[in-house]
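Structures follow.
Here chain A shows up in two complexes: once beside chain B, once beside chain C.
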Partner chain A sequence: MKKLVALFLTLSLMVVTLAGCSTGTEESSTSGSTSGESNTSAQTDGKTITLGLTAPITGTHAEYGVGFQAAVEIAMDEINNAGGVNGYNLAVEVMDSKGEPKETSDIVRQFAENDNIQAIIGDFTSSCSMAAAPIVDEAGIVLLSPTASNPDYPGMSDYTFTVMNNQSTEAPWFARAVVGQYIGAKSVAVMWLNTDWGIATHQYLLQGFEEAGITVVADESYAENETDFSSVISKLKSTDPECVVILDQGNVPTVINQIRGTGWDVQLATLGPGSSEQLIQLCGENAEGLIVDTPSFLTPENEEAVPFIDAFKEKTGYAPTDHSLCAYNSVYLLAESIKAIGDGEITREAIKDNLKTAQMDGLAGHVEFNEEGGCSRELLILQVENGKYVVKEDYGYGVE
Partner chain B sequence: MEYIINQFVNGICQGFIYALMAVGYSVIVGVVGFVTFTHGEVIVFGAFASFYIFLLCGNNLLLGVIGSFAASWLIGIFVYKICYERFFHAPRHIALICTIGVSMLLKNIAQIIFGPNKKPMLNIIKNKIYSFGIVEISKVQIVIILTVIILSALLFIIFMKTRWGISLRAVSQDKTAAAMMGINVKQTAMIGNCMGSGLAGVAGLLIAINYQTVYATMGSNLSIKAFAAAVLGGLTSVPLAALGGILIGIIENMGITFTSASLRDIFTFVFLIIILIFKPQGFSKKKGVRP
Partner chain C sequence: MKHFIDTIKSTYGKYKVIVWIICSLLLLIFPALIPSNYVMGVVCRILFYATLAGSLNVINGYSGQMCIGHAGFFCIGAYIEAILATQYHINFWVLLLVGGIITAIIGGLIALPTLRMQGIYLSIITLGFSEVVRLIALNWTSVTGGAMGVKGIKSPTLLGFTLSSPKQYYYIFLVIGIVFIFVTNRIINSRTGSAWISIREDELAARSLGIEIKKYKILNFMYGAFWAGVMGAAYAPYTRYIDSTYFSLDEGFNILSMVIIGGQGTLIGPILGAAVVNSLTELLRSFSEWRMVAYAVLIIAMMWLRPQGLVGASDSVLAGDKMKKKKIKVLAKEEK
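After this line comes the complex of A and B, so read on.
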């Protein structure tokens, strides 16, 4: 009997461990199968270009990592079904960085050593992407991050690119246009996440407040794995600001819930999560009145966005945010770059050279890279009303 | 002044949660005799059990507490069977490494079963703020403190007044002697492990209610705090571990009051190190830890 129990436990252990592995590293089967179908219909001769994707499939930022994977697969399916790029099909190899820079470096090194991988998409956070920058620089392979918005990142190497707005333009705009002009606050308290992204954004935000003549009455940072914000909140509360700005992504819902939990009814604005659907789910009534900014707004009312939203919801079960759209655009930009190579040989170097001039018009408006490999986009202001995001100000608000 | 007092209240509330985790921890270490690293994951399973109970049966706190206790009890059996049962006579580090492995396993199982996303636990207790003069305390904080006090009292009664408690204390003091007195040591050790895990599960429930969110990876940080609090109490003393937990909560929050929240963990561990330099046995009078 004891032996049987031991055997059962060992087996279940093995099964679970194997299952764990399969979520960690998985080769996307969808793009593989669709590429098989389109082989017959289009003029492709079965050649495949494989891109690497490093994203936080598990961990604090899992919502976004899973979104990356889904968005990349959707974009590849679309491209492959339309006949591929220059006779090539696209495929992706996904690896889970768990949102940790050391994992990203390992993954990027593995991709760089794998001759089948022509370019890398990822990672989600600036910290992860910046950790990988020296590696891609040495290996000579493109690292196109959909969302890294630390202003230092794109300039770190010729091979580093990002589709997300640079915080050096977004944060000062947020301070001046959103907090100063739209909310009309004279005093503000800032809570910020102590990471590469947070430090850089925070610095630009403070500059913005200073230029706009807004007083920062409290300025508090916290570590990334923080769960209890009550002491920070008490601290902010004691300074009685007109508006609280939260600089974070994954922790925003927890922070908002805890602020409302202390019975504090202050105007909240957040820079980072964009129009995240999960935020409203996690905050419920607590999210009412929250102000966010976002470079693109994906709702069913926007007809162009419907196919993408539907496909995304089918894969993940929740609605996409701008972050996922950026991952989707990353694939198209790489496809543009491959297209521009034309009949030439597809090499990592050629992809990099052509990516610099690649551009596209899509759901997020016009996207092209600046000299460093960064991006700058106009933004929308949204507010939560009755459990939904409502567009309050259109593109171009508060532009000087 | 008002602000400092409110920070103190925050600290006490957080300290009570740490205390409950630490109490569970020291029961496990005391009765089983091994250090565990699965505590954080047990906390997560307890929190998720209550999440599903609240989802299915409505916001019944008592049911939630029982459910999270029971779920963590089961995880406790699993951990005991894998990590401890066969290693009582093996070198101590084997069980320790085994718990580290099981902790990774449980964390990944939790992500597979519950998904990687955060889940909301909104308004389990209708929130209300009570003011006593300049002190403000929320209903959630009162519920947390009361739950911890009631559970600790129950644990004390079980330990001191029941046959089970006598066996548990006997096993905790000397396994060989307890076996000679006719106590089933393995079974008693398992019950001790399960009780400690159950308390951790309830701590998970309280954390989830306090933060209004629950997610699969929230355990690792908490496990270290529970460990620190238990070490302060000398690892095996239940009341001193509770004291350690409350002190850590207060010191963290007072530290944040005067500096930054980024330094939260620094306060905990610097405090731990200072205490250990001057009193290596923690707050307990005993020198060293029983084998």
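After this line comes the complex of A and C, so read on.
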């Protein structure tokens, strides 16, 4: 009996294997639509433009992938409820890349061969997006990544776009506009996290300080799993800077608490965490006066963002981050591009051509692409006052 | 069932040449039969993993050493190709060999200190090695591009043709796979192969028969690493962009799972393993979030029913009943 079961299992696996080779394409289009297509109100006469979304729905980055899917669906619902684009409804076909470049390549190939798919949104990581770049280049279909921040990515093809800015623009701006102009500091001490992100950002930040004529009196790094920063802090303290810049994400609350714990009342600014609610919860009074920059202000205090936050929470059960907002914006940018085609035929090529000049103003400020297809976003300056983030300077501050 | 297999065997015996010609022809014109680049992409992945899993099978299956850091060797081969091709514009075909040879040397160096290790200890060392290689790739920014990876790796050319799409790349993977199977088959049936198998079966007995354990173990590791390096070098221009995330421990386990599912210690096993694993993960795509769960359940079920792998030895339908006869003979002798 056992052998018979084993035999059956083996044979069925083989049959499935063989069947997979011949019927893969047809199946893919239907399977995707059952799993992820968002069918919204049919106000238009049934004409639909389908976009492909490749995102890590499972795996390490699942939180962001699920966020992408939710944000894209929210944006499409909004657009479709408002009458669609040029008489077309938008729909999405979602595929799970697990955050692996190999998977993304397969998915993008599949999308490229599916004539119904007019453009692709994704993927979450730069690796995945860059692995897919040669494929979209050959196939001639837009790959708009909401979050790929590798500066090399947008230049890889005419068809590759990203709405995330990279640290080569944010860090120098932070040095010049936030520290130099807004805080008005002449001397600064930097403590930074020694990871690939930290190293790259730190390099751009130092360049920015040099160009802005700000003296860096102390410059100390630490490892990711450190918890006691007292030696670094006392070194910084001895140089008596006007401002301390913390380059980190997860450790920022601990660092701030330890700085304030030594009774040092220096101006603090941090590049990395953005408007993190957790930071205020963990720091309490110690966070007062802290200055952060953020590409988007997704907290309940920001009334404009409330509908998006509520819709997002309803779909996923957690609060959106800037990453999801980027996915949301990606849909609007593609819609802008489709709108710009006007009465012309909606083709992949036309979407690419019009996407280059597409722009929008929304929750993340003004968004438009540069020549390569990259994006330099404007940022907000926030300060913590009475346990809340307050917008001090709007988008466009300190832009040269 | 047995009758069925026998019929197939006798038919095959009669028309051996014709069967071979038809099979080779089918393999040759396969890309022309499949219009979709996506399906060809999956086929390429199967061929690619078949050789990569095959090279791991040489280490794990034939000499019984337990290497789980195969992604490390794969990584070295890929980075050698990527760096030398983009910076020094060396020909792809040369780099296939160079990648293989350098990886083999590194494989030999890894084998040296691990000669006294066995089983789980060797596994842990290879695991560590794989992570070290990945971290070097991630942090040695000036050479490997660090987190930015290496981009713009040129597609190989042959007689003026650029081989870039999966349809064209199919032939590269196919030829490498055939060469691998051919060479490995010869080695397994040679003195060296017998030495490897005897080490796997009983190291002490092998030593008492005068087999130089050290030499053959190192040779085994080097041979496996060589092919992993070749596959790495072949893979880098296929994706045209690599970074350290391709070579995580997950990748190592992925390769290992193909070897184990297919059946260790058989030439056909890793090929079948690669085909099953890669097509299953593609076919289960419609399960969305449940895909990997469904995949895992299938693997558990398979391991429960066939712990020796699909074609692993004994009473497998695919392996034929060669081993079964032997077993019965042995049992019969014992009974006497």
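Note that in this section the second predicted complex is superposed on the first by the 210 of 400 C-alpha atoms of A that agree within 3 Å, B and C clash if a C-alpha of one lies under 4 Å from a C-alpha of the other, contacts with A are read in each partner's own complex, and residues count from 1 in each chain.
Just so we're on the same page, contacts are C-beta pairs under 8 Å (C-beta built on N, C-alpha and C of every residue); 3 or more make two chains touch, one makes a residue touch a chain.
Computed from a prediction, not measured in an experiment: that's the story for all the values here.
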| item | value |
| --- | --- |
| Touched partner set for A:Val232, first chain B, second chain C, both or neither | first |
| Which of chain B and chain C A:Thr215 touches, first, second, both or neither | neither |
| First (chain B), second (chain C), both or neither touched by A:Gly284 | first |
| Contacts of A:Ala112 with chain B and chain C, given as first, second, both or neither | second |
| Which of chain B and chain C A:Thr347 touches, first, second, both or neither | neither |
| Contacts of A:Ile57 with chain B and chain C, given as first, second, both or neither | both |
| First (chain B), second (chain C), both or neither touched by A:Ala131 | second |
| Which superposed partner A:Pro101 touches (first chain B, second chain C, both, neither) | second |
| On chain A, positions contacted by chain B and by chain C | 5, 9, 13, 16-17, 19-20, 57-58 |
| Chain C residues touching chain A - in the complex, by the definition given at the top | 1, 34, 36-39, 41-43, 45, 138-139, 141, 146-149, 151-152, 164-166, 239-241, 243, 245-246, 275-276, 279-280, 282-283, 285-289, 291-292, 298, 301-302, 305-306, 310, 315-318 |
| Contact footprint of chain A on chain B as seen in their complex | 2-3, 6-7, 10-11, 13-14, 81-82, 105, 108-109, 111-112, 116-120, 122-123, 127, 129, 136, 138, 140, 207, 210-213, 215, 217-218, 220-222, 252-253, 256-257, 260-262, 264-265 |
| Residues of chain A that touch chain C when the two form their complex | 2-3, 5-7, 9-11, 13, 16-17, 19-22, 24-25, 27-28, 31-32, 34-36, 57-58, 94-96, 98, 100-102, 105-106, 109-110, 112-113, 125, 127, 130-131, 133-134, 138-139, 150-152, 156, 196-197, 199-200 |
| Residues of chain A that touch chain B when the two form their complex | 5, 9, 13, 16-17, 19-20, 23, 57-60, 62-63, 65-66, 194, 220-223, 225-232, 234-235, 237-238, 250, 253-254, 257-258, 261-263, 278, 281-286 |
